[in-house]
Amino acid sequence: MAIQVSVVGSGTEHEANAETVGLLLAERGATVVTGGLGEVMAAASRGAKSAGGTTIGILPGETRAAANEWLDHVVVTGIGHGRNLAVVASGDAVIAVGGRYGTLAEIGFALTLGRPVVVLEPGWAVDGAQRAQTPAEAVEFALAAARHTGVT
Amino acid sequence: MAIQVSVVGSGTEHEANAETVGLLLAERGATVVTGGLGEVMAAASRGAKSAGGTTIGILPGETRAAANEWLDHVVVTGIGHGRNLAVVASGDAVIAVGGRYGTLAEIGFALTLGRPVVVLEPGWAVDGAQRAQTPAEAVEFALAAARHTGVT
Amino acid sequence: MAIQVSVVGSGTEHEANAETVGLLLAERGATVVTGGLGEVMAAASRGAKSAGGTTIGILPGETRAAANEWLDHVVVTGIGHGRNLAVVASGDAVIAVGGRYGTLAEIGFALTLGRPVVVLEPGWAVDGAQRAQTPAEAVEFALAAARHTGVT
Amino acid sequence: MAIQVSVVGSGTEHEANAETVGLLLAERGATVVTGGLGEVMAAASRGAKSAGGTTIGILPGETRAAANEWLDHVVVTGIGHGRNLAVVASGDAVIAVGGRYGTLAEIGFALTLGRPVVVLEPGWAVDGAQRAQTPAEAVEFALAAARHTGVT
C-alpha cells in the first residue's frame, strides 16, 4: 500500500497552495485523501492527478453527486461532517491548507488519533501541529512524520 | 423542551469548574448534555444532579458500561469519536471547560454548525468562541447566546 | 437510570400500534427512545407522553427542526442514517413496529450489538428477533428480555 | 471513475464464492469496495487482486491494523459499525455473500439509499434485493443494475 496523506482545508485563496501540495505528494508516491468536495479538496486532487498520482475523496453526502472531478475513488459516507473523522484517520499524516471550523475539527481529530499534522502557513495555530512555510516544506514534514510514527 | 447546553472538555484540574457549570445550568433550568464519560463530563453531570437538574450522556462505545453515574439518560452511539459531533449538535449552546484535542474537534464542529461556543478560561483560544472568566459568566453567556440565536 | 426501550419503524398504518407500545412502556416506567421524526416515531413518543413517560429522540439532521413535538430530550447527531446505530444501541431492548429498509438496518444493528429485538406483527421476519402479536405482548417481551440479558 | 461495487458479507464457508465475485468484478473493470476485514471481505479483495483489479477497504476502527492484505486503498473511519453505511453507499451496486446481522444492516441501508442489492444464494431474503444463484450471475446482475440506475 502507498502512503496516504490527507489534505484538509478550504478557501479559494488557498487553492494554489493546495494544488502544489497535491502535486508534490503524488510525485513522492503518496496517495492524496481529501473530503472530496471543492476548493482546497479539489485543488489538492487536481494537483495530484496532474502528476499522475492517485486520489481518494471521502464525501459527506449520500451520493457521489458533489464529488469533484479529480477523484479516482470515492467513498460516500452518508454521515455529514462526521466524515471529517474518516478523512484524517485515513491519512498516515495530515496537511491543513487554509480552512475554517471544519478544518479545526479535523486537526483536533487527527491529533486525538495520533496522526501527525502539518499546518501550511497561514492557518490554524494548534499546539501539537507542525507549521510549514511552503507547500514543499509541508509535504516534506508530512512524509517524514508519516514514516517516523508509522501510526497506521 | 428545556434548553440543552453541552458541556465539553477534559482534565481533572478542571473538574471543579465543570461541576459549578453543571450546577448553575441546572439551576437555570437547562438540561446538561455531555459525552457521558469521566472528568469534566462526569463533574458537569454531578453538578447538575446536585441541583436537581437533568443530564444526558452521549457515549462513544457500544454499551453503557463506561457511563458515569450522574446521567439520567444515556445515548449509546457506537461511533467512537464521531459522537463528538452529536454532543455539540445537541446543545443550544456549548461550554468548553479545559480539554485537549477532542475538545478542539468539538469546538470546531460546534462553530461549523453555528452553535454558540463559550470557552471557560483557561482553554482553547478560537476565533468565533466567546471567552468567560468564571463558571457563572460561562453559563450566562451560553444561555444568552442560546436564546438569541435560537439555532435549533 | 430507567430502562430504555427503543421503538423503531415507519408507516402511518402502524401508528396506532406504536402509540399503544409507547403508552405501555411509559406505564411500566421505561424511557422511550426513537429516531425522533414522524409516523411510528412520533406515535410511540406521543403514547409515552400520554402516560406521563419520558421520551428521547435521536435525530439524523444537524438541527432540531424535524423533531416531533412529543420529545423531552433531543439528540441531534448530524450523521444521517448513521444515527440508526445509536437509536438501537441506546435501547436495553428494541421494538420494531412496521417499518421498511431503515428499520431492517436497525434490526440488523440491534442484533449485531446483542440487543433483544421484538418485531410486532406484521413486520420484518428476521431470525433472532422475537415476534409479538399485540403491543402488550411486544412490551412484555421487550421488558423481560431487557431485564434478562442486562446487555448494557 | 471506474464503477464501484461493494461486496458485503461474512462466514468462512462463503469465501470461495466471495473470491470468485471479486475476481469477476475485477475482470469487468469494477473496483471492489468492502469493509476491509477478514472472511468474505478479504476473499473478495483477494479475488479482485488476482485479476489485477483495484480494491478499497472501509475499516471500522481507528487504525489500519485490522485491514486485510489485499487492499490498495484503506479508509479508516473510526465509527465502528457505523461504517457499514459508508460501505454500501460507496457502491454503485452491492453484492451480499453470506453474512449475518451486520450484513442485514448493510442490505437495509443499501436499499434505503436506493443502491441495487444482489444476494448470492444462500443468503438473506429481503424484498427489494435481487437473488443470484452463482457468483457470475451476481456480478452480472450487479453491473447491469449499476449501469441502469446510475444511482450515483
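We call the chains A, B, C and D, going by the order they appear; numbering starts again at 1 in every chain.
In the analysis below, a residue touches a chain if its C-beta (ideal position, glycine included) is under 8 Å from a C-beta of that chain, and two chains touch if they have at least 3 such contacts.
All of these numbers come straight from a predicted model, not from anything done at the bench.
The greater number of contacting C-beta pairs, out of the two interfaces A-C and A-B, is seen for A-B.
Ranking all chains by how far their C-alpha centres lie from the centre of chain C, first place goes to A.
Remark: chain A and chain B have CA centroids separated by 29 Å (rounded to whole angstrom). Centre-to-centre, using mean CA coordinates, chain A is 39 Å away from chain C. Within chain D, contacts with two or more other chains are made by residues 62, 78-82, 85, 109, 113.
Per the touch definition, chain D reaches chain C in the complex via residues 79-82, 84-85, 100-109, 111-113, 126, 128. Every residue of chain B that touches chain C in the complex is listed here, in rising order: 1, 4, 31, 33, 54, 56, 58, 62-65, 71-79, 82-83, 85-86, 89-90, 109, 113, 151-152.
Residue ranges on chain D touching chain B, taken from their complex, read 62, 78-82.
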